[in-house]
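Next come the structures, one after another.
In the two assemblies presented below, chain A is common to both, partnered first by chain B and then by chain C.
On to the complex of A and B.
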């Protein structure tokens, strides 16, 4: 009996050792690239941001793995490595996201994480990313504070921060001869809304010092009811009303303000107003000045790369891509370029995170939205060209964007080492427009 | 100045009306069943979704657009008819008499399930149904335009409040409900079918939640997550007014609506805080709310 028991223990030990060995061998021998993708897949930010972004990302990863993306992205996967994406829902707040991030890095052993729409999450993740030495690409969030208040080794943001959106809108208003003698704002009460309003109002005051701030409203995020705010904005009689509202909040604001005549009575500007156009269609008001947080969607440049992406997305989903899918694809393109640049240096082996981080720093790459340059935050924060336009109806009665003005990246982004608000306050020194 | 005061009163009244319709069902269900129903927000969202689904069908059938209100009422009624037996008969009645915290957790679980049900049925895309809002045109007040539909919400809130008050105080069925509120055991001994009263009370509460959702749908983009703010704000109303009190819900909604409107117009930086300020003040000085009277202790 004792003999049998010893045999059983011995065989079990051998089996466990073998299984462990096979597991380790598989882990070491993983030829692909595991990518954690974090974006809103539920909650109010999912429909306008997370889902279209992931739709774009999913499609792009599929085409990359099949080698069907045009040059310079025509090599399969990331440098020949097949990309396996693990999508994670961003909803639940920063504390939950930090835990999800740890799970991705420590449990799922991803090679990199690409994600984050929420500015709050983008403020929380980078310090954990550096602590875990996990390569992280922030693809969407807007607050300028990520790399202005700190620096990180393994964290990169492949899209410009929100200062660009608001500086460009202020310049557009001046260039187009709009009356900016008085301004008012309605922005959500958190980092994104507060930073957006500050950048816009300071830019306007700098460009037109006599301009007067009539009203500053900061309703809570996902408030949904704006009747009182609309009355206050109309009562203020400001010539320009600025808003960085997004998603369901922006949709609700438009639906509630349009029948009350806000868009006819005052010049409304939406710093990130394009992404609700596919959903609202002709309910979107005419004459609104809007940005798309880059040259995206209806304001994208007429390049071969953009034509390819626009058509691929339209063919797959039957709707035009607004800013979210562009920005996720931009993040994937940046990561691909950094990985392939690192592989060129190490003789074609799968690069480690230090090699990729070194290659990512200061990288420049083409995207459907134009040239992306990792110039700020000591080579970790992107700048990119921007476009602002005005909504109008085309000859078929469909809402479109016209009167588009394009801005060079160096015209609407601060130089490296200067905080955006300081640069605006100083009168945009060194701006190359 | 007069214009501004008029605007504040009107904005406050519109917001308070919406809050009241949402909170009325919540406070009524608590009054009768002694259940703090967090799933109330989920039923509100179902009301909004069902209206956003039914109204386009109504238009596609070529029905006269004035009757769209009927379609909205039907959608709210349909939600209440479906949800009441499942929630009250299927789940909640198993927990009557149990610890209040447990029941709150149960209703929270139902709320989460309802969120997923919305995703399952309607997906992640927003739905828009703004057409009913154009039905009553716009009216000019001072220098501002108000949409007739928004003003009609005030009438709807007054009607709902008065109707419920009338049913409770002037009809035999209402008096039976009041008897159950006062003492379910003795009411039962007197031959009242308590289970039926609970079912009817929950149905009314669910209908009011769905009705609020139905009439809010034309104002917003209907999407997953719209119920979160509703749950918090309607709780604030019933805490201020007193749990289970209909006059309390009126006063609570008016206090929050007016205070919020005054802040947005005169002190915007305090707007986000004012609702919690009112609620915290009430919890400190009158923890049972404005209209929670003295309760007799059973021996």
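On to the complex of A and C.
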């Protein structure tokens, strides 16, 4: 029995160490607001997207905690509660993110999670979020399917989905009189790329039924090498090449396609093209039509809130803010407004997630990119005004965006209850432009 | 002597399983979840160790991991089968069968050729899966919540129930494997590892040993994949990607081939290191993980299992 006793001693020591370990990791009782922030901090999407987004978020949270943000965001933190952010790396695929999400909710006991750039992650997280009853704000990802194919109680998206980007680009091409008799596309082979191409090609077909589709290319996400695809696009001689590539993929594509003359030969349109401008600088090609997934960066509206944000970011980091920081700040603003609205209702206590979710539904708030309205998906999905422009060199030889056309939110977003692709197919009924 | 040892083993294992099931009630939800996930990875690692005993290392266990995961997922979404225990068992059998079909092809190769061919299989499957849009392409799909004997537990208990199911099924599989390792074909595998030619001269077939071991490894990998998919509630082609396969190889190296429980401990250790480095060093977590991998290979070259063996050998000596 000596052996048995030794085993018991071993097991109880394991148990004790486990419990101490658990005790330590649960020790931090918390009075403020604990926020998990998930964005790309490593891999090809980090440098042009994830890191600037988090830079914007970090700065905004710091200023909120100090109470230095102009009205209506001038209350300290979230309704007086100090915000503690826990950043988590988004790289590694949807399955890993589900696990990290569970860790944030169950281990760190965060009050809310703000995150997700990749549409694949946004498709995977919401069902887990509802299962764990965890308040989740999707701040960036684009696929319209999140709230079109399902509905969730605790999940909100504070930015418009990708249908807007592609509808607006199609409209812009026609308004500016570009030749769209033939189109081709290069988009990543996952939810975002597929949906973007579908929305764009169907919109073009709807607005100009005679145009024909030449090439539909779907390279893998983060593949980084586009030699073959560029050859195929050059050979197809399509008048317009559409792409929803983003992050490091977009940078690689631009750097590989520019010397081969793709941008001179065809009209290239990028549905999410501005966020690599700070990194590429004057290597960015001229004459490209691009959207920023909202009125962001060089296409931002001339409002006091935007001027404040643009200047704060510029002062802190020395580059202009493109789409990513705008979108993260937009998510934080939505969350702040929802929390403060819930606190008004419950008499100033820290609201629980049901109260915040109830306040979030159908919320409207001002952001540097314009008015955000949680109108779709029964009040869970935002719409916002949009802008499309064309790149050109200014008189100093720097790349800038000109020929900007602004679109009302209701002009390029479907009404509540109608799927984006059905709305496009029906010829945009009820669009208020 | 051996009779007594086996009885003892069965008793020890059931005692350990009951102990772990009770521990599951005391520890918080997230740790229950991490252990479940470690069990899933450990199962695949156990498969690799079964192969390692015969001198083979597979760089493509993501192949069976993915097949198991997708089997469970598709049965759940397409056929409406949601019983966790049944899903695990069916995935085990089905992936084992797939393993048996491709094993004769793989078993003709050794060393790096075996490793690369298995890797090729997993990457072909990956390529196919990301192209099939009907099952989500590269986004994968969400699994329905699982049931246990027809009962759908509330979300607070779902994790714990799956943990219990995982412990019980894995516990019995581990016992069976220990018996197998100590049986004649199991020991022949060790002989193949030492000198394949001599084994053939003595009248045993190294080929058959490799086929048998690969089939077992496939079944285990399939069950691990199914468990991982059910636990996460989401499945995507990343399951079959080479980086996933690499993790399994690392778990087996960290564990060594001497002990069965060591595999699960290694998987748990890796999971905890990864998760906590991701939490506390979001910008440099890969660096921490890499350091951990390098240090563990330098300082415990024959794996955690060697500690176990030393410990038990010393115990036996002191008992005499």
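In this section, the second predicted complex is superposed on the first by the 403 of 433 C-alpha atoms of A that agree within 3 Å, B and C clash if a C-alpha of one lies under 4 Å from a C-alpha of the other, contacts with A are read in each partner's own complex, and residues count from 1 in each chain.
Please note the rule applied: a contact is a pair of C-beta atoms (placed from the backbone, for glycine too) under 8 Å apart; a residue touches a chain by one contact, two chains touch by 3 or more.
All values reported here derive from a predicted model rather than from experimental measurement.
Once the two complexes are laid over each other on the shared chain, residue contacts for A:279 go to chain B alone; chain C is not touched.
Applying the stated contact rule after C-alpha superposition, one finds that A:256 touches chain B and leaves chain C untouched. Look at A:123: by the touch rule set out above, it reaches chain C but stays clear of chain B.
When the shared chain is aligned, chain B comes close enough to touch A:234, but chain C does not. Applying the stated contact rule after C-alpha superposition, one finds that A:94 touches chain C and leaves chain B untouched.
With both structures placed on the common chain, the touch criterion links A:132 to chain C but leaves chain B unconnected. Once the two complexes are overlaid on the shared chain, A:189 sits against chain B and chain C alike. Looking at the shared chain after the overlay, A:220 reaches both chain B and chain C.
Once the two complexes are overlaid on the shared chain, A:210 sits clear of chain B and of chain C alike.
Overlaid on A, the two complexes show chain B and chain C touching the same residues of chain A, namely 41-42, 189, 220.
For chain A in complex with chain B, the residues that touch the partner chain are 41-44, 46-48, 51, 189, 215-220, 222-225, 227-229, 231-232, 234-235, 248, 251-252, 255-256, 259-261, 279-280, 283.
Those residues of chain C that touch chain A in the complex are listed here as 12, 15-16, 19, 23, 26-31, 33, 37, 130-131, 133, 136-140, 142, 145, 155, 228, 232-236, 238-239, 241, 275, 278-279, 282-283, 285-286, 315-316, 318-319. On the side of chain B, the complex with chain A involves touching residues 3-4, 7, 10-12, 14-15, 18, 119, 124-126, 128, 130, 133-134, 138, 143-147, 150, 218-221, 223-226, 228-229, 260-261, 264-265, 268-269, 271-272. If you check the complex, the residues on chain A that touch chain C are 2-3, 6-7, 11, 15, 18-19, 22, 26, 41-42, 86-89, 92-96, 98-100, 102-103, 106-108, 119-120, 123-124, 127-128, 131-133, 189-191, 194, 220-221.
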